Amino acid sequence: MTSGESGGTVTERLNVVVVGAGYWGPNLARNFRAGSDWNLAAICDLDLERATRVADGVGGVPVVSELGDVLRDPRVDAIAVATPARTHHAIAMAALDAGKHVMVEKPLADTRARGVEMVRRAEERGLVLMADHTYCYTPAVLKIRELVADGALGDILFVDSVRINLGLIQPDVDVFWDLAPHDLSIMDFVLPGGLAATSVSAHGSDPLRTGKSCVGYLAMPLVGGAMAHVHVNWLSPTKIRQMVIGGTRRTLVWDDLNPQQRLSVYDRGVDIDAVSKVTTAHTRAANISYRLGDTWAPALPEREALGGVVTEFAAAIREGRPARTGGAAGLRVLSVLDAAASSLALSGGPQPVANDLEEVAA
Amino acid sequence: MTSGESGGTVTERLNVVVVGAGYWGPNLARNFRAGSDWNLAAICDLDLERATRVADGVGGVPVVSELGDVLRDPRVDAIAVATPARTHHAIAMAALDAGKHVMVEKPLADTRARGVEMVRRAEERGLVLMADHTYCYTPAVLKIRELVADGALGDILFVDSVRINLGLIQPDVDVFWDLAPHDLSIMDFVLPGGLAATSVSAHGSDPLRTGKSCVGYLAMPLVGGAMAHVHVNWLSPTKIRQMVIGGTRRTLVWDDLNPQQRLSVYDRGVDIDAVSKVTTAHTRAANISYRLGDTWAPALPEREALGGVVTEFAAAIREGRPARTGGAAGLRVLSVLDAAASSLALSGGPQPVANDLEEVAA
Amino acid sequence: MTSGESGGTVTERLNVVVVGAGYWGPNLARNFRAGSDWNLAAICDLDLERATRVADGVGGVPVVSELGDVLRDPRVDAIAVATPARTHHAIAMAALDAGKHVMVEKPLADTRARGVEMVRRAEERGLVLMADHTYCYTPAVLKIRELVADGALGDILFVDSVRINLGLIQPDVDVFWDLAPHDLSIMDFVLPGGLAATSVSAHGSDPLRTGKSCVGYLAMPLVGGAMAHVHVNWLSPTKIRQMVIGGTRRTLVWDDLNPQQRLSVYDRGVDIDAVSKVTTAHTRAANISYRLGDTWAPALPEREALGGVVTEFAAAIREGRPARTGGAAGLRVLSVLDAAASSLALSGGPQPVANDLEEVAA
Amino acid sequence: MTSGESGGTVTERLNVVVVGAGYWGPNLARNFRAGSDWNLAAICDLDLERATRVADGVGGVPVVSELGDVLRDPRVDAIAVATPARTHHAIAMAALDAGKHVMVEKPLADTRARGVEMVRRAEERGLVLMADHTYCYTPAVLKIRELVADGALGDILFVDSVRINLGLIQPDVDVFWDLAPHDLSIMDFVLPGGLAATSVSAHGSDPLRTGKSCVGYLAMPLVGGAMAHVHVNWLSPTKIRQMVIGGTRRTLVWDDLNPQQRLSVYDRGVDIDAVSKVTTAHTRAANISYRLGDTWAPALPEREALGGVVTEFAAAIREGRPARTGGAAGLRVLSVLDAAASSLALSGGPQPVANDLEEVAA
């Protein structure tokens, strides 16, 4: 640790190295550079020229091409991994073995089994393993989590997420692995108890014959009877990023592309009070009525989500606790993606979701 | 037939009786009353008081409580049925046997098997059997059909329909049978060759334990590789009625609740030309690029869809031809709904869709 | 009066004749026909064929071509005038002299002076003279009035109304007289104490050289220091109907063409508390700060405004009191329009607004 | 000039110093730093600490506190001024006298008379004087200019601009001088021949008694009969940035806060062909009809406007020509603001606009 500059009690800055100087690396570098938690010790990339460009963009930091050099350096406290998903496991395992805390870009790994190994290794070593589920740190998602936790929506009835975007067809992953981690990590973050899907049915379509799904749907019955559903789509030029969370008390709509009113909370819905006392399904149906209430759009601050990510990473390390979007959260996302891949292979039949560490070990 | 009033060539008005004076009957009555094709001969409902209210609402026409009286009246050319779905089969069969042309509110029947009987009976008797797929006659859907037929969208890659609405939980049908006929009949109307689903996976949720699905999803791979998908939802207070049709040349978005711009055609998308020549999936993926073009919103006239429905019904009778949304279209919708019910019973596993008359007969 | 049908206490229905069977007449006829306050006694129009069409549209009522016959009929309690504005004065004066209550489509008359005569005559005869300011009876405007009255917005700082619509260029009125009565009557209805403009500056444009303004702006400083402003426009194909009311506590936006969220109340604004204690303007400016709060969209029932108009007309007659949008309100609108015409003739220089009956009499 | 890095022909980079390290300075610094036209030689601010922060933000450049030092440095080709408007004149005059090209943040100066001096001085010295009318270099405004120039809208009938924003009440300028330069400079940029207002009527409101207008309206009849109008408002929490340009052929709506569809071109409007042959106003009005056509939203690239500003500044210097938004454009904006101030002092009466350099000299 290097000495921080904040007056009064001197806090040591943590030293971090950003591994991977591609699309996401510059954003990580910029955010580690800002604030007083971190000292950005280096940018690491096999392509030194690329690393240098990122380093210059934040005012100049050392660059290094060999990950081994980073891991051997005792001054380095942590690494932040922004490389392709298939390399996450090897890099993270090596770093954990070298005693470094690790943050990994989503998805945590490219299979659930590898994610389980990473989570276990971090536990064994007493190190922080954090998933960079950036969306969870946006003001909108933080507010959604708060509203759900406070009971503002009542019991959750359904969660429906749509993420449509003309996107580059990725060379090594399909639309589920590319886009759905966003939706799944958000659901995991805002639902009480996390994303507890009992099964997943995945429906994919590859109408351009690219060898992988470009349009995808995930249907996930949740423990307790609610339904979660995700629609991800690479083939549409209309950008849609919308999530609807229906509850017994209120319904919330998050329209991320409407900066004027991202969140709307509808104080309308099924009047469940009349329902709760009757027992037969038919009588319940006959007794359900509707309330027409006001709509309410909470004010949201303007704040960069990634700033919250690096702050949480530092806090988890300092306080010796799991990160808010820790390895377990990353694993729950992988569990769904793995089950979805199985379902896809079976033409959409429902597949069970491994929901905890032990279950898979068996 | 009674004598029409249009000058020059005298056209006989066709005599129609509206059967069912509930929610939809008054709209049918009003539209049969307008224009010069039809003479609204009577309103028929077991509840004469209800029939009288509808009759008064259109300036006064006879009312009758017994369907038998209507069917025995040789002056009656046709009936329009607006009763609950479970009664469609009996009423339509009796009417066809009495030599009357029949139009039936959606869905055509409450099972595919009954729909098949109705279609066959109409064919045997040489009578018109028409499904009142009202949405197909809206200016927006007529324009979509025209754009697809003209190749403006290119080959269809996916069709995604969302219909969300705080709706009354119906006593005898679930959300699929209540709402999805709209989406399915529209898809059938606008897709070249109709809705040719190879299978259906249905996912439903009943979080209020009413005994039936209140939130539902249908995934339907289409012949040729595209995907059709429907989301119907009774539990959300936010009204959404949106359909996205993605094609190789352009993508169309229909937002029915935006009267200022219901249809948007995006001249953007995957640049398929580069793709068509390469053969391996991996090379294809690597060669796909994107075009960023303009958006275009076709002007739509303001016109009541039901007016188009009754006009088409009259034209089909006069010209001795099947109606545009005839029994066959109604049957294709029932085929999907039947398969969906089977899929639901199997927790969402894909079920084949019976796609023509013979197949089922076997 | 004829005997009403409501059980218990028998209320006499009031007899009304709709005068004028043009664009607005059918709407009046339909609403007088509905409900239990009124008996629609006849439709009166010089063009009997036109009158008959309107009469048939509501299930058949008598038609009459001579206004004199209507006014001489002692059974007629009231007339509702839907003829061109230039005829309002003569018809209303004759009706008042014949002892009939009168409701007049907006604007009350074609000059302020004529409006004053009408108001005085109604007062002398003890009869109700009501302006059909339909918009004031929409759920949105009723809610705005309530919010302003309850102090939810605080002190009003500005009112800005925009009404843009590709409209037929009227043969005898300009865009101010055609469209601005809507905005002015709404402002008069919702502002505490009515629309109290100290002066009007009118700016018009006639770029197509039609002989009258097709684009118009009204700037109206209000008593107390706030500003009211109206933009009316016949030449734009984009429909805009929007009013912003800024207050010291909250700001309200009414977007009438957004049926999903017509009213939005922003709990944000200038933090006036810090301001109120300082005295010099410069210090005040330096002390003004801003609050960023939630947005709130009140639920609005779906209800036809004109139903509220005819109900209020009946209630005012029965209770022997002025109508809510009575002659005085109609007169305040005319006062602004008259001053605007003077301002226009002076290239937009501000003109005083006659604000009460006496002032003009002088 | 320092030597540029672009291969082939070596282009000398121009040396620029950014004067003023407040709100806008960092943006200028960043854009001068990017690209190959400029060498950012220094940041100049009396407050060296502030200057250093800006310099660090772009990777480190020299800082200087004395403008005189900058002007005496023969290597400096140009300065970019981002200081308060009241200081523009003194700084620009000194820089021009020192032989430096000058770019000035909007507005060009704090009075028209001072702007005239600046324009004349630049002409005399053969130097570029450019107004940083940033909005004119946005993809949206560039496209509007192109559409108007190509005749896509036909003859312009009206231009209406609204700019509403909860804004800090400025210590030394009112809402007209703070916000309207945006609208006026855009109008000047897109209208053929620039903004040729024959007069200005300004209506301002200061309901919080801050000593200056916080809500303002400008009505500006244009040469040729069209009307331009601006609404600027500091007191509303709803952000609105919208411009409607109505033409005889089409109407364009620019909604800057709708990133999904900033520009909409409506192929609807008054059918002027029928009008052009008739001569009397009354006959013209009777012959005007309407077309209902499609809407079209041109694709716009994503590009930072300020990058275009600094490129244009360099190109004007290299080519020895006036900049696209040169001193003359800045002066036309000042002419309107000056006339507006006079109109305000006269309670909104129309004031003539000085439209060229000579007129004012007299």
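Note that the chains take the letters A, B, C and D in the order they are written out, and that residue 1 is the start of every chain.
Please note the rule applied: contacts are C-beta pairs under 8 Å (C-beta built on N, C-alpha and C of every residue); 3 or more make two chains touch, one makes a residue touch a chain.
Being a predicted model, the structure only gives us computed values, none of them experimental.
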Note: of the two pairs A-D and A-C, more contacts are counted for A-C
If you average the Cα atoms per chain, which one ends up farthest from subunit C? A
Rounded to the nearest Å, the gap separating the Cα centres of subunit A and subunit C is 54
Round to the nearest whole Å and give the separation of the Cα centres of subunit A and subunit D. 43
Where in subunit A do residues touch two or more other chains at once? 238, 264, 268, 292
State the interface residues of subunit B toward subunit C in the complex, per the touch definition above. 56, 59-60, 238-239, 257, 259-260
Given the complex, residues on subunit D that touch subunit B span 261, 264, 267-268, 292-299, 301
Complex contact set, residues of subunit B against subunit A: 155-158, 160, 164, 166, 168-171, 199, 201, 203-212, 215, 217, 219, 221, 224-227, 229, 231, 233, 235-238, 244, 246, 248, 251, 253, 264, 266, 268-270, 272, 275, 281-282, 284-286, 288, 290, 292, 347-350
